[in-house]
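Once you've had a glance at the structure underneath, I'll fire off some questions.
Each chain carries a letter (A, B, C and D) given by its place in the written order, and its residues are counted from 1.
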Amino acid sequence: MKKITGILSLVMVLTIIATGFSACGGNGDADKNTLVIGGIGPLTGDYSTYGVSVKQGAQIAVDEINAAGGVNAIKFELKFEDDETDATKAVNAYNTLMDDGMKVSLGAVTSGACIAVTEEAKKDGILLLTPSGSQKECTQYDNCFRICFTDPQQGTVSADYIADNLTAKKIAIIYDKSNDYSVGITDKFVAEAAVKGLEIVAKQAFTSGTSTDFSAQLQQVKDTGAELVFLPIYAKEAAFILKQAKTAGIAVPFFGCDGLDGILEKLGTDNQALANGVMLLTPFAADADDTKTKNFVKVYGEKYNGQVPDQFAADGYDAIYTIKAAIEKAGINDINAADFNTKIIDAMTQVTVEGLTGTMVWDESGDASKDAKAVKITDGTYVAI
Amino acid sequence: MKKNNLNIHNLITYGIVVAAFLFVSILVWTGNASRHLQAMLVPIGLNIILAVSLNLIVGFLGELTLGHAGFMSVGAYAGCLFAIKYAEILPTAVRFPLAMIIGGLVACVFGIIIGVPVLRLKGDYLAIVTLAFGEIIRSIIINLEFTGGASGLKGTPQNSNFYIVFVVIMITLVVITNLVNSRAGRAICSIRDNRIAAESLGINITYYKLLAFVIAAFFAGVAGVIYGHNLSILQASVFDYNRSIEILVIVVLGGMGSIRGSVIAAVIITALPEMLRSLADYRMLIYAVVLIAMMLLNGSQKFDKYKGRMNIGGLFTLLKNKKSAKEAG
Amino acid sequence: MSFISNLINGLSLGSMYALIALGYTMVYGIAKMLNFAHGDVIMVGAFTMFTAAATLKFSPAISIIAGIIVCTLLGVIIEKIAYKPLRKASPLTVLITAIGVSYFLQSLALLIFGSNQKSFPMLFNFEPIRVNEDLILKSDSLMTMGVTILIMVALTLFINKTKTGRAMLAVSEDKGAAELMGVNVNKTISITFAIGSSLAAVAGLFFGLTYGFIGPYTGAMPGIKAFVAAVLGGIGNIPGAMLGGILLGVIENLSKAYISTELSDAIVFAVLIIVLLVKPTGLMGKKINEKV
Amino acid sequence: MALLEIKNLGISFGGLHAVDNFNASVEKGCLYGLIGPNGAGKTTVFNMVTGVYKPTCGTIHLDGKNLTGKNSIQINKQGIARTFQNIRLFSNMSVLDNVKLGLQNQIKYSVAQGIFHSRSYKRKEKEMDEKAISILKVFGLENEYNYLASNLPYGKQRKLEIARALATTPKLLLLDEPAAGMNPNETGELMDTIRFVRDEFDMTILLIEHDMKLVAGICERISVLNFGTELASGKTEQVLNDPRVITAYLGE
C-alpha cells in the first residue's frame, strides 16, 4: 500500500498546483467587450436531457445575437458547466464560471442546484436569471429572476383550467415524489382542486430514476374510475406512462404542465399516436404557428442533428434574449463598468420581452408573469384549445 | 522502537494535511487561489472525513458497507434542523459545533439500530443490506414533511468554511489513527484478519464490530452536518447509493487500511472530475477511464515491479528495507 | 379482479428482474465478482438493436443477433481488459473497477446517442390479450416470462450437464484446484462472461420491447434491482435468481397497489433486509460452514 | 477433581455421528494427548470444548464449572485457549500485536482512553508490550516482534500461535497438531518448549498430534479416537501398546 500512496501524493500535489493557479488563465476575455454568460445544469446523469436542452437553446440565442453584431457593441459568450444535478457541484461550477469571467449567471437548470447557486450569486451581486428553476427560493434574492413558471402557479392554473373548461370531475394524479417540481405542482393542484370542487380519486407517486414500470399506478387509476389523469411530471417518464396506459387499456385523457412539453419528441415517431388527446398547459409549443417559434425549431433542428426543441430549450433561448433586453434597457455599453450589475438588475423589472414562451414582464419577486397556452395533441401536432 | 515508527508514520500523515492546508491558505491569502479551488475545499475536506471514517469499517474491520451516505444524511438532517431552529437563539460559535455533535450522535444511534441486526451478515450480503438501509432512509426523508421532502431543507445558516473543515479533519484523523493503534483498534483489525481466532482469544466480535460501525457513523454524521451548512439547500437525492460508492472508491483507491491513502485519494477523486471540466463532453468518460486505470495499476501484479521503481513511495520502501536489513545484520 | 391484475403486473415486472438477475448471478456464481456493469451491458445491447433496426434498417432477426454478438464480445473484452489483470487482487478492487466500467459505458452511450431517450423499435408487435374488460395480459410480459424460464432451465442444464459447465463449477469452487485438474481457468471465465453478457443482450431486448424507451442510464436501476433479486434468491444460485426476481416484482407491485406508492422502494428494501436476517445467504443460498 | 471433565460428549452433523460418547478427564498440570487416524473427530472434540460447535449431547466442565453450550468468547474467558490445525494468525498484523491481542482481556483500558492516548493508555500499552515480549522470549521470537505475522517461517508461525494463546492466561491450553509441518529438529525444540510452558506457567495442556515421537515423548496420558468413538485411554505407554490402537493405526 505504501507504494500507492507514493504515486497518489505526487498526483495530489500536482492537482492542487494545477487547480490553484488555473485562475490566472481564465480572465483573458474580460478586456474585450464580451459578456460571459454562465449556465449550469446536468449534462450527464439521469436529468442530462434538461441541461442539454437549455444549453442548446441558449447557444442558439447567443449565436443569433452575435451574428447580428451583438448588443450595444457587446458580444455574448455562453459557457455551460455540468452539475450532475448536485448542489455542491453546481456551486463548484458557478465558481469555475466566475474564474472564467462570468458576468451574468443563468443560475442552474434544476431547482435544488439553483437555490444553492443563488447564495453565491447574492454574494457576488451579479444578475442570476434561471431558465427553469421553478421552486420559489430560486428567486429568493433581489438579483435573482426566472423565465419559467413557478410550481405553485402551474398547480393552481392547471386545476382552474380543468375545472373551468373540461367536464372531468374525478381526477387521478401520477407524480414524481422525488422531484421538487412535481411535488410542488401537485401540492398546489390538490389544494386548488378542493376549492374548485374537483375530486382527487387517486394520488400515485413514483421515483424518477428508479421507475420504468407504472403498471401498479395505472391499475389504481383504472380501479378508481378516474376521468382524467393529471401528470405534473417531465416528458421522459410521461412517455413510459402513456405507452403502458395504452397496454393497460386506459382511455381517459391526460393533462400535464410545461414539463410534459417535448412529449412527442420523447415518444419518437413510432409512438406518436400514444400522445393523441394529451392536453398540456405550456408557455411553449414547438408546433406553434408564429414565425419566431418556427424559425427557432428550424435552426435548432439544423444545428442539433434533427432534434426538436422542448420547453427547456425555449427557456434557455428566452433567457439570453432577456439579458439582451435588459442591457438595451439599461443602456449598457461597457460590461466592465463598475455599475454593470446594479444597472442590469434594475433594468430587469422594466423590460418586456416577447419570447418563445410568451410575453414576459418581471416584478420585484423575480417571477415572470406570462400566460400559459393550453394545447391538445392531435395526430402528432399541438393544437391550441 | 516500534512505537516510534508508528508515531512517525502518523505524524507524516498529519504533516501532509497541515502542509496542504497551509499551502492552500497561503494561496487564498495571497489571492492566488481561483474561486473554483476555494469552492472545492469544503467538498474535498468532507470526502476526507467520510473516507477516513469509512476506512475504519472497510479497511480495518474488513466489512463492506454501502450505506455511508445514509449515515451522512441522517446526521445532516438532524444537525441542520437543529441549526435552523436555533439560528436566531444561539451564536454560531456554539450552534455549529453543537449541531455537528448532534448530527454525529444521531448518526451513531442509527449506526446502532442498523448495526445490531445486520452485522451478523458478511461480505456482499452486508453490502446489499447497508445499501438497502441507505435507500430506505432516503426514501423516508423524501416522504417526511419536516425534512422538506423532495424540495429539500432550506434555511440552514451557511457556516461551513475551509478552516472549520480542517479542524474536523484533524480531529477525525487523530481519533481514527489513535483508535486503530489502541486496544480496541487491534481487536477490530483482528476480526478482519481472522474472526475465528479472535473469538478464540475471547475478543467480543459483536461489540467491536458495532464500535467500528458507530464511530464511522459518527464522523459520517458530522460530515453531513458540515455538508448541510455549506449549501443553502439540503436535498435527500444527493445521499443515494452512488454517494456511498464514491466514498468506497476513495477508500479502495487509497488503499484499505491506509489512512494517509484515504486522505490523498479523497483529494484526487473529488478534484479529478472538477479538473476535467475543460474536457466538457468527454469529462465523465475520461474520469471513468482514469478510474479503471488507477484500479488496474493498484491491483494488478503485472505493474508491481514498475511501481516499485517509479515513484516516491517505492523509494521510501527501498530505503526502509535497507535500513531494517542493516539493523537485523 | 384488480388484485389479479396487480399480481399479473407484478409477475411481469418480476420476470424482467429475473431475466436480468440470471446473468448477474451467473457471473457472480462462477467468477465470484459483482459485475456492476451488467446493467450497462443491457443498455448497450438495447442500443445496438436500436441502431441496427431503427437507424440501419436491418430486419428484426438480424438486429437481435447483432445485439447479442456485440454484447457477448463486449463482455469478453471487458473481462480481458478490466477484470483479468485483477484476478488476484482484492474483491473490492474488482468491484470498483466494475463501477468504473459502468461509468465508462454510460458516458460512452451519452456521447454517441445523446441524453434524449430513444424509442425502441417494435421488433415484434404483439397485441395485448384481453381476457375481459378488467383483465389484460401483456403479451410482451408473457414472452419475457417464457424466455426467462427457458433460459433458467437451459443454464441449469448447461452448468450441470456439459463439460464446460462442469469446468465452470470447478472454477467457482476453487480456481487453483481447477487449474491443477487441467481446467483452463481463463477460458472458462471468458465463457462465463460471454454467456452472462449475451443474456444481458436478451434482457436489453425485452426491456426495450416492454417499456419502449431506452437511454444511456437505462441499465443502472434494473442493474441494482437485479442485484437485489439475485441476493434475495441467494447469489450465485440460478433458480434462486429467478425466484428472487419474481418475488421482488410481485412485492414491489403489490406494495404500490395496496400500501403506498411513495414508500414502495423502502418496502422492497425492507423485505430484502428481513429475508437476509432470517436467511443470511438468501432464500435458496447454501449455508456455508466455515471449516475450523 | 480433574481440571477438565468431558462426559458422554457427542455431536452429529445431519445424522452423521462425528463424535459419540467421548469421555476424558484431564488432571491439572497434565500433558494429555488426543490421537487417532485422520477424520477420527479429534479436531471436532477441540471445537466442542472451545465452543465453536455446540455438542448434541454430553457435558464439559472446567474446574467444576459447566461450559457446555457456551460460545468461544465465554469459554476463553473461563480459561481455555487453543491453537488451530490450519494456522490462524492475524497475518496482516505484527508478531507483537498478535500476542497483545491475547492480552486483550488481561490488560484493559477504555475505548476513550485509547482514542485520547491518555496516561493510562501509555502505561497499559507499555505493560502489554513488556508482557508480550516476555512471552515471545519463551518461544525465541522476541527479535521478530516487528515482523508481519505472515512473514514468519512456518515453524515460527506455529510457535507464535501458542504464544498468543498463552497470553490469554488460560488454565488449559489446547494445541491442535503443533508439530505439523515441522522438521525433526524443530519438533524436538517444540517438545522442549511445550514442557517448559507446562512447568513455567503451571499449565495443563491437551494436544492433538500425529507425530508419535512427540506424543510418546511428552504426553503423560492419551486418548485414542477412531471413527468418532473412544478406542482407548490411559497412560501413554499402555495405550500405545494396546493391540486395538495398533490395528487402528496400521490396519489389519
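As a convention for this text, a contact is a pair of C-beta atoms (placed from the backbone, for glycine too) under 8 Å apart; a residue touches a chain by one contact, two chains touch by 3 or more.
None of the values given here were measured: they were computed from a predicted structure.
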*Which chain's mean C-alpha position is nearest the mean C-alpha position of the whole protein set?*
B
*Farthest-lying chain, centroid of Cα atoms versus that of subunit A*: D
*List the centre-to-centre spacing of subunit B and subunit C in whole Å, with centres computed as mean CA coordinates.*
32
_Centroid of subunit A to centroid of subunit B, CA atoms only: how many Å?_
35
_Centroid spacing, where centroids are CA-atom means, of subunit C and subunit D in whole angstrom_ = 48
*Multi-chain contacts in subunit C: which residues touch at least two other chains?*
107, 110, 262, 265, 292
*Identify all positions of subunit D at which a residue touches two or more other chains, and write them in rising order.*
52, 84
*Residues of subunit B touching at least two other chains*: 139, 142-143, 196, 253, 256-257, 281, 284, 298
*If you look only at subunit B, which of its residues touch subunit A in the complex?*
16, 20, 23-24, 27, 32-40, 43, 139, 142-143, 149-152, 154, 158, 227, 230-233, 235, 237-238, 253-258, 260-261, 264-265, 267-268, 271-272, 274-275, 277, 281, 283-284, 297-298, 307-308, 311-317
*Interfacial residue positions of subunit A with respect to subunit C in the complex*: 43-46, 48-49, 51-52, 177, 204-207, 209-210, 212-213, 215-217, 219-220, 222-223, 236, 239-240, 243-244, 247-249, 265-271, 305, 307
*Touching residues (chain side subunit C, partner subunit A) in the complex*: 2, 5-6, 9-10, 12-13, 16, 107, 110, 114-119, 121-122, 128, 130, 133-134, 136, 138, 207, 211-213, 215-218, 220-222, 252-254, 256-257, 260-262, 264-265
*State the interface residues of subunit B toward subunit D in the complex, per the touch definition above.*
1-2, 5, 175, 178-179, 182-187, 189-190, 192-194, 196-205, 211, 257
_Interfacial residue positions of subunit A with respect to subunit B in the complex_ = 1-12, 15-16, 18-23, 26, 43-44, 81-82, 85-88, 91-96, 98-99, 111-112, 115-116, 118-119, 135, 137, 176-180, 182-184, 207
